[in-house]
Structure formats: C-alpha cells, structure tokens
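As written, the chain order gives the labels A, B and C, with residue 1 at the start of each chain.
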Amino acid sequence: MKSKTADRIATAVFVVIAIMITAILAGLFFYIFIKGFKYISFDFLTSPSSNVRAGGGIRDQLFNSFYVLFITMLITVPIGAGGGIYMAEYAKPGKVTDFIRTCIEVLSSLPSIVIGMFGLLVFVNTTGWGYTILGGALALTVFNLPTMVRTTEDALRAVPRDLKEASLALGVTHWHTIKTVMLPAAFPSILTGAILAAGRVFGEAAALLFTAGLSTPRLDYSNWNPFSEQSPLNIFRPAETLAVHIWSVNTQGLIPDVEAVSSGSAAVLVISILIFNLAARLLGSFIHKRVTATK
Amino acid sequence: MMEKLLLPAKDRLLKSKSSRLDGEFRGKLIVLLCAAIMISATIAITIFLGTKGLQSFTKNGISFIEFLTSTKWNPTDKANPAYGVLPFIFGSFAVTFLSALIAAPLGIGGAIFMTEIAPSWGRKILQPVVELLVGIPSVVYGFIGLTVLVPFIREHAGGLGFSLLSGTIVLAIMILPTITTIATDAMSSLPNHLREGSYALGATRWQTIRKVLVPAALPSLLTAIILGMARAFGEALAVQMVIGNVRDMPSSILDASATLTTIITLNMGHTTYGSVENNTLWSMGLILLIMSFAFILLIRYLSSRRKLR
Amino acid sequence: MVTAIKERTTVEVTVQSKSEFQPENILTVNNLEVFYGEKRAVNGISMIVEKNAVTALIGPSGCGKSTFLRSINRMNDLIPGASAKGEIVYEGLNILSDDINVVALRKEIGMVFQKPNPFPKSIYENITHALKFAGIKKKSLLDEIVEESLKKAALWDEVKDRLDKSAYSLSGGQQQRLCIARTIAMKPTVILLDEPSSALDPISNAKIEDLIVKLKKDYSIMIVTHNMQQASRVSDKTAFFLSGDLIEYDHTEKIFTNPSVKKTEEYISGRFG
C-alpha cells in the first residue's frame, strides 16, 4: 500500500514538473507578445533608432540582423557542408578524424562571449578593420560552423547506402556521386538544419558586441553600392543587430522609452525566430515530399 | 566507352595522370580544406586567446596567484591598483551550480515525464515546448529577467533585485531545455527489458524509475547536467542584465554580484585595448576557455564510463 | 579504404598477371582471399569465368558468394577494413591491384543489386546519370542510348511515354529492369547480378530471368542467387560456395543432375541452406 502511495505522489510530482515547464514557456511567450505587440507598428519597423529621444524605431537594426545573418550563412553553409561531406564520406577512422571531431566539439561548446573576444582580437584589431559586419559574420561563422558540419554529416549518413553504391557501380567517381546523388538526397535535412541554425544566429548577441559593434552609421537605403560608406550593403561598416540593440538600450541606453523599444524588439526577434523554425519544418517536409514523390 | 574497344586494357584500366584529374582529387581536396578550417579555427582560438590572456602576467607583471585568490578588484585605482578576480570566479561558479541545482531536477523530471509517465501525448506537448525554449535568444531572457524578475525579487525578497538569485533563476530557465533534451534522449535509449524486468517483479513505476532506470541512465544524465552547466558558465548577456555587476564578494544570495562573463561584457568596451585593465579581461576570457575545455574533458570521462558499462 | 588496398598490393599483387590470356574466358580468378578485418570471408578460391555465358553462384547465406561477386568490381573497397589477396584477371590485368582505376573498371564491370535502387530522379535521368559523367553530352546520342538500353532491358514499351516521370513511380520489377538498363547503357563487358529478383514477385522474376538469358549474347553475366530453380533455368555454369570455399564448379546441368561432391547434392536437394 505504501509503495502505491509513493508511486502516486511521484507521478503527481512529474506531472507538476511538466506543467511548470510548459507554464514557463507560456508565461514567457505571453509576456513577450502581450507586451511587445502594442509597440510593433509600421513606424516602429521602418524608422531609425534614436540614441537619446523617445520614439525611435528599429529599421537599421532589423536590416543589420538579416544582413549579418545572410553574410554569415554565405560563409558558413559552403564551408560547413564541405566539412560535413569530408566527415561523412572521406574521413577514415584514425587520429586525424578524431582530432577534427574534438575540434568540432570544442568549437560548439565555446561560450559565445569567448568567440566574440576571439573575433575582437583577430577580425577587429589584427586586421585593423574595426567593428564590421564581416568581422561579426566571421565570428558567427565560428559559432555556427560546428552545427552546419554536424547537420550535413548526419544528413549524408542518412542517405541510403543503396543509392551511393548504385552510382559508384556505374563507374561514377565518389565525388560526382556525392554531388549528383547524395547531396540532392540529403538536401531537405541540410536545409532544415541550416534554417534552424539561422534562427540561432539571428538571436545571437554576445559574439557580436565586440565584432560588429554597438552602432550603425547613418544609412542611405537608396545607395546600393557596397563600397560606399552609407550603403547598407557595405560589409566593412559597423552594425548593431536587433539582439544587440535590446542589450544596449537596457544596459547603456539613454532613451526614456527603453521598455517600449526593447519589448517591441524582443517580440520582433522572437517572432522572426519562430518563423525560421516553422519555415524549416515546412520547407523540409515539402521538399522531402517532392523529392520522393511519385510524380 | 565508344572508344574502349580500340584501346588496350592497360590504357583503359590503369590509373593515369588524366584519371586523377577527373574531379575526384579536387573535390576531396576542397572538403578536406573545409574540415581543416575547423582545426585551424580551434588552434587559432587557443593560441590567440592563450597568448593574449597571459599578457597581464607576463607583460604587466600581475601575480598569477593574486589574480586568482585575491578578492580585491580595483584596476582603476592609479596609486594602488588591485587585480583580484576571485569574486567573479566565485560568482561564475555560484550561478552555475545554483542554476544547475534548480534546472537538473526540473529537466530530468521533464525527461521522465516524457519517457515514462506519458510517452505518447506528454512528449508531443513537451517536446515542442522545450524546442521553443531553446529558440528564445539570451538577450530576451535577460530583458524579461530585468523587467519581471528583478522587480519581483526586490519587492518580495528584498535587496536591490539585481542579485545572484536573479542570475541563477534566469540561467536555470536557459539551461533547462539543454538538460531536458539530453536527459530525454538518455532515458528513451534505455533498453525496454529494464522496464519490463522491473515491472515483472511487481515494482511500481516510481520504484522502477528510481531503482532501475535513473541508475542505468546516470552517466548520460550527468552529461546532460554538465552540458547545462557549461552553457550557464559561459552565458554572458542574460546574466549581466540581472546580476548587478558589483566587484565585491556577495554575502547572500540576494546580494548583487558579478561573474567573469559579465565583467568582460561590461568592461571590454570601456577600457583601452592593451591597458592593464583590458589585459586582465583577456585573462578572464582565458579562464572561460580553459573551463570550456574542462567541461569537455568531464563529458568525455563520463561517456567513456558509459561505454564501459 | 586506401590503406587497406595499399597493404595488399605492395606485398601480394602485381598488376600484370602471369597467367596466360585466353580470349574465350572473361575472368580468371587465382587463389582469391577476401578479408573483413581479421575475418576471412573467401578462402583462396580459383575459377575461370567464360565469356558470353551466365555463371551462377549458389550457396547458403554467408558462404562468401556475394563477397566474391563484390570483389569483381571492387565494391568491397567501400567497406572499411575489407581487403583482398590473390588475383582476379580481366583482360590480362589483375583488377585487385592498386594501379587499377576503379572508376574505369566499374564502367566495364557493372553491377545490379538485390534491392532495386533507382536514383530519386526521372527514368531518363537514371540512365543518363553515369553517361553524362562519362562525357556524353549530346542530346541525340543520349536519347539513342536511353532507348537502346531500355529496349535491351525489355522496359521500353512500358515506359517510353513517361521517361520524365520519377523512377519511383515504377513497380519493383520495372525498377529492377531500369537498374539493369542503366548498367547496360554503360556498355559493360561483364554484368554482376546480386540476387536481382529476390525482392520481386514471380511475374517480375520471370521477366528478369528471360532478360538475363537474352543478355548473355552481348555480355558475360555472373549472378548470385538463392533460388535453385533460377540458377538451373538461366545459367550455363554454376559454382557452389560453402563457408568461403568453392566446393564445386561445373556446367549447370552437371551440377543439378549429377554433382560430384556430396555437399553439393545435399544443398541442391534442399537438405540444408
């Protein structure tokens, strides 16, 4: 009888824990959206931020976030996919492979502030670029690369061995088989992984504080010359992203409407990440269906 | 193909220079270089941060022992600067352990709920919840901590609100999904015969969980906690926004405090690159790097024990 | 993979075979041993494979017949730790040698697998995949080869109106014939079939068997099979494998009516295996 009671109590405790976890998420979302939605307006999204006055928007920060993300993925996806191909297809069991695995593990467990410091040391000071979008993107690449490598490796390993053997048995080289048979088959999983990684990059701030900086020059959105100082596309300009903006207005900002700006920004940030996650799932399953469909 | 009947076997089938140029070699080289970038990044980070982090001892002559053991931090005092980072090291470890203390039971409890109590519907609900928690950026956690948690603690528990406790709670929520995810994997990869055997002996579910399943999954559960702790130790912005960032050793959980990461975050931009104070920040960064290696070694040790079983 | 090959070549294998080249034989196997790590799966077998004939390899599961077959176009290279000693002589060259261009070899010695494994592409692209890699870019020539190979594989009439449809829309038997067609398209000299119809229904099976008999006019065929009737119906010569040894190798008729080894008779009459 006693053990039965204990069992019931334990079950109740586990249910309470599950409810608590769910409640934490619900509470966070509720707070973010309820508080944030009322500040999100067209004006908020399209006007530049202000350093001292109330009523600033997040236009530049939003653009910077997407732009830094874009540059980061431009660097990470090819290198990460290449590394993943090597690990899945060419790496032979041995010391070198073990060492690469250790390196991936180390990189993926480094605190992002440490990666930011490395970025400051190398991409800001050593190169003499100062705070730049490129420096930020490179720091984020270090942060994102392990995820991309693992995603690609897992996706390639999940491709049926049949397909690979079929192509090799026809006298096609390993490399061409990877390019034309295995990568297309693994593409949905790689894409899903890449978008999920993009969500993580989008919300990252600590690695960007000392690399892309806390400021944005006055931007002229009609200037598309990437070498011009005022061009939003210039990768050698400082760029405060949305996540960094939330941090900076709260810790060193002088604006009176800190709470409004950060609530709105937080909601935009979380919504963007939710869209990334949703897109990853939908796109992944959509492409998977198309590739394997019986047309 | 067409021409093969014309060529002798030797010319068709033996390796030649031209067969090396069929793209295989080049492709392999490209992906090898990609993999090599991982190695060079790791080595570069270690070397750059290592040399830079040691400068405050080698160049500025700060005593290594004093740096680690002194509780006096006053780098701006011109006459008598003090570079003791013990309060920050203590702060880092304090928030790490305390947050793990909160998150571990919740995370493992959530994992057990998903795998043992309600494997079908419970998992369908809790899994996405956990994934969404992972997706929330740390600055958002910090911001909510700042606007909700800090005032709440100030009113109900006393003190400034900016405190070790606030940092602990924010971190606990942040590492909760990490622990839950890995603990769930660990629990669900346990062989089913363990459960069946225990139930067959008449054990209740709780007895099975406590006496059979949790001990069997223990190394993996510990790995989950360590990974959570590694994340907590390195987290910077969220903690920095709620902990108060004072240089003194906290005497109570409601006292404001600081960690290695929060001091780096706060002061890196304010100090001149190359100055003594700036260099000490790099030394703190080196401690973070070394701790991150230590966490990996700990996880490796645990996984080697798991394999022995 | 590469290290395994190196080990075996430097010591054991030279590329020029000493044995005499005989045009009526397509392959000569001399004392072939295959290892998976420490474990020996094929124990020094020797046999001569005739040109333009169907050679069946039979024996219980794990007897080494598939391993043997996969050595012939070096598919075992894909398995970590696999290595081979001895000789498989093709056109005067030992194809186990490290000097062999495996990619070129596989164009001449094609393989069809147990489970139909078409690429997740259109029927047309399934056949042109390897052709394009081999440098054939001209559309008219590709079209011609696609039609010719599908006809040879007895699939043309069934698919000619839907060449752009996914290969996955075909039935299992059709998929397997497509796999044979894309192998034929490479104009190989030898086709290796690894239990090609074991995953198919009886009607598809019969079609594949018909096809095999027709194909031997142009190709030398080796087929691994579990099905005694299939071996007796399609093959000219049969080799019986047991625990990595070649027990008996003779004309199919002889093997199935009057085997000279008792073990062979026991296996064929279904007493084990």
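One rule holds for everything that comes next: a contact is a pair of C-beta atoms (placed from the backbone, for glycine too) under 8 Å apart; a residue touches a chain by one contact, two chains touch by 3 or more.
Just so you know, these numbers come straight off a predicted model, no measurement behind them.
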Identifier of the chain whose CA centre is least distant from the whole-structure CA centre: A
Comparison of B-C and A-B by number of C-beta pairs in contact, larger one: A-B
Distance from the mean Cα position of chain C to that of chain A, given in whole angstrom: 48
Rounded Å distance, chain B centre to chain C centre (Cα mean): 52
Distance from the mean Cα position of chain B to that of chain A, given in whole angstrom: 17
Shared-contact residues (touching 2 or more other chains) in chain C: 103-105, 107-108, 134, 186
Sequence positions of chain A contacting 2 or more other chains: 173, 176
Multi-chain contact residues (two or more partners), chain B: 22, 24
Footprint of chain C on chain A - complex, ascending: 92-93, 160, 162-173, 176, 180-181, 184-185, 291-295
Chain B-facing residues of chain A, complex: 3-4, 6-7, 9-11, 13-15, 17-18, 20-22, 24-25, 28-29, 31-32, 78-83, 85-87, 89-91, 99-100, 102-107, 109-115, 117-118, 120-122, 125, 142, 145-146, 149, 173-176, 178-179, 199-200, 202-206, 209-210, 214, 243-244, 246-247, 250-251, 259, 262-263, 266, 269-270, 273-274, 277
Residue ranges of chain B touching chain A (in the complex, touch as defined): 22-24, 26-28, 30-35, 37-39, 41-42, 44-45, 48-49, 52, 105-106, 109-110, 112-114, 116-118, 122, 125-126, 129-133, 135-140, 142-144, 146-148, 173, 176, 180, 204-207, 209-210, 227, 230, 233-237, 240-241, 261, 264-266, 268-269, 273, 282, 285, 288-289, 292-293, 295-296
Footprint of chain A on chain C - complex, ascending: 1-3, 73, 75, 78, 80, 103-108, 110-113, 115, 117-120, 129-130, 133-134, 165-166, 168-169, 179, 182-183, 186
Residues of chain C defined as touching chain B within the complex: 15, 90-93, 95, 99-101, 103-105, 107-108, 134, 136, 186-187
